[in-house]
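These notes open a run of structures that come right after.
Look for subunit A in each of the two complexes below; its partner is subunit B in the first and subunit C in the second.
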Partner chain A sequence: MATVYVNDTPVDIGDEKLNCVQAAEKAGILIPHYCYHPALSVVASCRMCLVEVGDKKPDGTVAMQPKVVPGCQTPVKDGTVIITRSPKAKDAQERTLESLLLNHPLDCPVCDKAGECSLQDYSFGYGKAESRMNDEKKTPPNKPDIGANINLFTDRCIMCSRCVRFTREIAGTAELHITHRGDHAEIDVFPGDPLDNKLSTNVVDLCPVGALASKDFLYTQRVWNLKTVDSVCPGCSTGCSIHVDGNKGVVYRLRPRVNPKAQGHFMCDEGRLGYHYANSAERLREPIVRGPHGWSPVGHREAVQRTQTGFNEYSLRSITGVWGVLSPFMTVEEAYLLASWIRDFGKEARLVMGPVPVDGQDDHYPKDRRGNEIPGASKFTIRSEKCPNRKGVEAILEHFSGSVVSFDAFLAALQKGQVKAAILAGGYVPTGKGHWFPAEAVPHLDQVPFLVVHEIFKSPLSEKAHVVFPAASWAEKEGTYINHNGLAQAIHWISTPPGESRTDGQAYLDLLGRTGLMRAQQLRKEIGEKIPSLIQLSTGHLGSSGVLPGEVPPAQAPKQKIPVH
Partner chain B sequence: MAYEPVLLARVGKADSTSIEGYRRDGGYETLARALKDMTGEQVTEVVKGAGLRGRGGAGFPTGLKWTFLPKGHPGPIYLCVNVDESEPCTFNNRVLVEKDPHQVLEGIILACYAFKATTAYFYIRYEYGTGMRAMQNAIDEAYAAGFLGKNILGSGYHLDVFVHRGAGAYICGEETGLIESLEGKRAWPRIKPPFPAIEGAFRKPTIVNNPETLANVVQILKRGADWFKSIGVPPDPKNPRDAGSYGPKLYCISGHVNNPGVVELPLGVTVRQLINEHGGGVWKGKKAKGCIPGGNSMGLMTEAEFDTPLDFNGPGRVGCLGLGTGAVTVFDEDTSIVDVLYNLCRFFQHESCGQCTPCREGTGWMFKIMKRFQAGQGRREDLAVLEEVADKIGIMPGTTICGLADGAGWPVKTAIRKFRQEFEKYIQDGTASKSKPLPMAAH
Partner chain C sequence: MAIQTKDVIWVEPPKLGILDQLYLPAIAGGVVTALKHLIETTTGMGAEKTQQYPEEKPKLPPHYRGLHRLNRDEEGRVKCVACYMCSTACPAHCIDIVAAPSPWKDREKYPEVFVIDELRCIYCGMCEQACPVDAIELTSVFDLTGMSREQMIFNKEKLLSVFDETVKAGTDPVRTHSGKLGPASEPAESGLTGTSSAQS
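So, the complex of A and B:
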């Protein structure tokens, strides 16, 4: 057992190899820092984390080192004494901040980062109120074309080099570098080689100031107006933990949330920019039914009743003609509710897995400079399976049907005209590469006497349906996703489904005839208790980092933790 | 008694650069003897016993540095020869390398033999084209004569020496900056520890030495440690941490003197002796106002302090950073200190690598203030700011990774402390300086 004293507070660090910044964080004390980032190499160049360090001898005396040391680069051991706010350390921190602000334009009123900027926060917490600089600031020109998704406000940069290290150590593509020397140094790219890797926008999160900005988010919102929920990216089966930032029912940006069990510190651009469909004005806004005189909008209740009536009728005629097609975009809870409803018609009612979208190969990072994969060095993976919850839905299907029947079985039955009543759960995220339902099978849908679909947008599939439920996007529902590794993570809603629509889970709950509102926590508990393979859901809580198979789930909801930059 | 030069003994001879000339003067005999009769450890012991301190600036004991290498390391171990002589007004190594490259090369081979390095990199700054060609030629000759390559003189010891040409940055003279540059990266000094002796070039144990130090190694092995210790200044008995300043030193004299150049003298000569006896006195019959005693980063010395001995301790006693490179730059009584400081600040602002915030911004800030001063717009508060910034940047207060910032701060604070009246007069009169700085290469 090793004990470190941070500002006189003893902290037990066990066997961990920590630096001063990490040890202080354990004691709940923030040592301000810019260039240090837990996922990147230590350069100790910003000199913000200067602290005084000493050694507590067995006889109780403390020998302090004569000079301040960078906390990020100084390892701690048993008996290390860290003093973060001694006059010497305070003076060094003030001086560093004064230096950083010498050439910083202080254009906070027009800066995107204002409100979540470390330079603002630390200047307030550790800086001086006024600058003694009496000369002109240097104003290097901005570089709006540094990357397709990234804009560089060169003058705001404080040269922490986090972005440069990210492109070298995590992406591996090394587009960014530092040009020039001294106080005329700048971040730049080589001509004709912009910052366009698939992880590029992470540099915006890494940037402690407003120098690197995401073009997608630029000038859309002031960050203090945003509401943030913890969620999971639905883009691929990696299931990156994310923050969803939204305001008044509109999603404005996604940011990675640190979760060593899921993806680590980062997320890919595809996932990050993949939320726009949720804000689309083209989305289906109310349930519609097809009558003898064409389409007409109906209320949610009527749509549910029609669906129930239709399925009841056809289940009596031919129970094997009743099909439920689950999608890998559903949450575990939705899959459970829909499967329960279909199973209620009888053992012969068919449950199948919808198509699992796969795009190419798993994409591992870091790459080498030429963009080739480096075997065995993966720090981040963009998975080819472009859906968040195949594993979760499969677990449900296995429970209800004993095995996972593939979508081909449904297509075969469709071709033979054996499908009498079917419900197709959607929630498929539009990819721009055609609709998820195979185009050649669409004409066969005409032979289905009763077809219910859940779709986000109007589609060839919804054209053929008898009842169309508007599906909720992932930003509008709560539930559980299980990633490629079996990690069960909770998603939360930031906005409500558009118009008259309800969440998919609510629709299935209503179909089942269960009263009340869809509450993921209760259902999770129910599922965890009923289905042995999903025992990790049994307390209803998944914590902020999720629960792996075999792990004991937390008994309570996670406490809100104030993030440290 | 006049001192007889040893290191520069061959400089000025007609064939000082050729291997034949060097061997005629007894060159490589020391090497042959050492390879035959001594082990590497014995060579290290002799150098350590002689009390040789590095001539690059910091004055770290050379033999001690060699013993920091991990014992029994399977190799490779590297030697980097630091000829990135970028301290302005310093040109002692240039003379050695251009005029007597074989002496340096013999020192390289002896040093490598001492600590079992099998590869040496001769890192020479881009501007030293002549030196680079002279050394490359010397290396080629030494390979042909069997002093380099496989199985040197039948001893079973191998050594390869490569010349690496820098691209011109002051910071490449910092040992870890040099290593980074050698590896093909930006010359950003590394965080220490680990020191290069543990993890240096290509993450292997590395020793970085100066050519003058290596030339001294040859002379120590040739003439013995006792000879070496008979020259220079013994340790101060009152200071237990003083390792003494033994041996000859190449002093550079430049600036406002009649006779600038390099002279070899025992350590401990005073500035006044150097100027009057070896530099031909201050030019144009004027008096000196002051000098920079050992390269820009050592700070300023006033005329009244000229009796300071230039050994490893002397300049420190009058507020300078240290001996530095032993390059004395004299300025006469008509020189404006504001202009001197402007120029020094301009240099450090241009050469700060930009890694650590205090140095990057501090050097820039000091230069901006000096620019204003020069334009006649200095303010009294500026002096306090300058002094404070200069005091608080550097590896000594712990705010930067390397010593460049200490070197940038030292001239500023010594100038203001020693020539305060002149700055105040500038502020009072509001006069702009009439002298124009030389144009600098565009960055």
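So, the complex of A and C:
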């Protein structure tokens, strides 16, 4: 057992290999830092984490080192004493900040980082009120074309080199580098080689100041107006933990949330920028039904009633003609509710898995300088399976049908005209590569006497359906996603479904005839208790980092914690 | 910090004497004042007490908080940098801004849309205090009327035209002059002056 003393607080660090910043974090004390990041190598270049360090001898005396040392580069051992706020350490932090602010423009009013900027926070907490700088500040020109998604405000940079290390160590493509020396130093790319890798926008989160800005988010909102919820990226089966930032029902940006069980510290650009469809004005806004005189919008309740009537009628005629197609974009709760409803018609009613979108191969990072994969060195993976919850929906299907029936069975039955009443749960995120339902099978849908679909946008499928429910995007749902590794994570809503629409889960709850509002936590508990393969959901809580199969789920809801990095 | 009981000083009203309790001297005093005014106005001896509004407009003090305006910089462009400080400070939530990258080389951000709902505004002046670039100010224009709610919602062009009109009329010189963007790095010159060195 190794004990470290941080400002007189003893901390047991076990046999972990930690540096001073990490050890202090364990004691709940923040050592301010810019260049240090737990996922990147240590360079100790910003000098913000200067602290006094000493040793506690076995006889109880403490021998302090005469100089302040960078906390990020100093490993701790048994008996290490760290003092973060002694006059010497305070003085060092103050002087470091003064030096960092020498050339930093005070354009916080127009800077997108203002409000979540480490330079602002540390200046307030550890800095001086005034500057002794008499000369003009240096204002090197901005580089708006440093990357397709990234803008560099060169004069705001404090040279922590986090972004440079990220492109070298995590992305591996090493586009960014530092040119010049001393106070002429700038972040730059080689001509014709912009920062365009698939992880590039992570440098915006890594940047402790407003130097690197995301073009997607630039000037759209001030950060203090945003509300944040913890959620999961629906882009691929990696299931990156994310923060969703929104305001007044509009999603403005996604940020990665640190979760070692899911993806680590980062997320890919495709996922990060893949939220725009949720804000689209083109989305279906109310349930519509096809009557003898064409389409007409109806209320949610009437759409539910029509669906119930239609399914009741056809299930009496031919129970094998009743089909439920579950999509891998559904949450576990939605899949459970819909499968229960279909199963209520009888054992012969068919439940199948919708098509699972796959795009190419799993994409592993870091790559080498030429963009080729380095085998066996994966720090981040963009998976080819472009849906968040195949495993969760499969577990539900296995429980209700014994095995997972593939979508081909549905297509075959469709061709033979055996499908009498079908509900196609959608929620498929539009990819721009054609609709998820195979185009050659669309004409066969005319033979289906009663078709219900859940779609986000108008589609060939919604044209053929008798009842169309508008599907909610993932930003509007509560529920559970289970990623490629079996990790069950909770998603939360930031906006409400557009127009008159309700969430998919609410629609299935109403179809089942259960009263009340859809509450993910209660359903999760119910699922966990009923389905042995999903026992990890049995408390209803999943914590902030999710629960792996075999782990004991937390008994209480997680406390929201603001990350330090 | 909450106010402690020991910090509170109780002030008792002065005790009334017998004359005060009769109220007669006070009534007599009132009658004398009324008579004095009557004689003054009918004979034209004293100064006139009545202002002939609306023929005559009152001259309001420069710190009066009336209709807003958006100031222009030296080149006639809107001075606002769309930092949202005013809308953040606004207790009535009457300011709506949409920011965009500026079309000018020397500026990064400007307001594409800047709307103030003058009906919702409570004229507290906090937007003016919050502004880091002295772009929004309250003027002494007090007689604000409109035929509909829409007319009372002032957009950027309307607010800039208020600037042009008030500067032309000379009623409202630019009040503050704390410098260009980045005043936090400069020492403050003096307090509010109001009149001289306008538009510096």
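Definition applied: the second predicted complex is superposed on the first by the 565 of 565 C-alpha atoms of A that agree within 3 Å, B and C clash if a C-alpha of one lies under 4 Å from a C-alpha of the other, contacts with A are read in each partner's own complex, and residues count from 1 in each chain.
Definition applied: contacts are C-beta pairs under 8 Å (C-beta built on N, C-alpha and C of every residue); 3 or more make two chains touch, one makes a residue touch a chain.
Please read these numbers as outputs of a predicted model, since none were measured by experiment.
On the superposed subunit A, the positions of subunit B and subunit C stay apart, so the two partners fit side by side.
Taking subunit A as the reference, the larger set of touched residues comes from B, when subunit B and subunit C are compared. The vertex angle at subunit A, taken between the C-alpha centres of subunit B and subunit C once both structures are aligned on chain A, is 90 degrees to the nearest 10. Of the two partner chains, subunit B is the only one touched by A:132; subunit C is not.
In the superposed model, A:222 lies in contact with subunit C only, and not with subunit B. In the superposition on chain A, contact is made by A:109 with subunit C only, not with subunit B. Contacts of A:95 after superposition on the shared chain: subunit B is touched, whereas subunit C is not. The superposed three-chain arrangement places the nearest Cα atoms of subunit B and subunit C 16 Å from each other.
Once the two complexes are overlaid on chain A, the subunit A residues touched by subunit B in the first and by subunit C in the second are 133.
Chain contact summary for the complex, subunit A toward subunit C: residues 105-110, 114, 131, 133, 137, 142, 153, 218-220, 222, 224-225.
Here subunit C touches subunit A in the complex through residues 81-85, 88, 99-101, 108-109, 132-133, 181-182, 184-185, going by the rule given at the top. The touching residues of subunit B, counted against subunit A in their complex, run 169, 171, 186, 188, 191, 349-358, 360-365, 368-369, 371-372, 379, 381-382, 385, 392, 396-401, 443.
Contact residues on subunit A toward subunit B in their complex (touch as defined above): 42-48, 50, 67-69, 73, 91-92, 95-96, 99-100, 102-103, 132-136, 138, 158-159, 178, 180-185.
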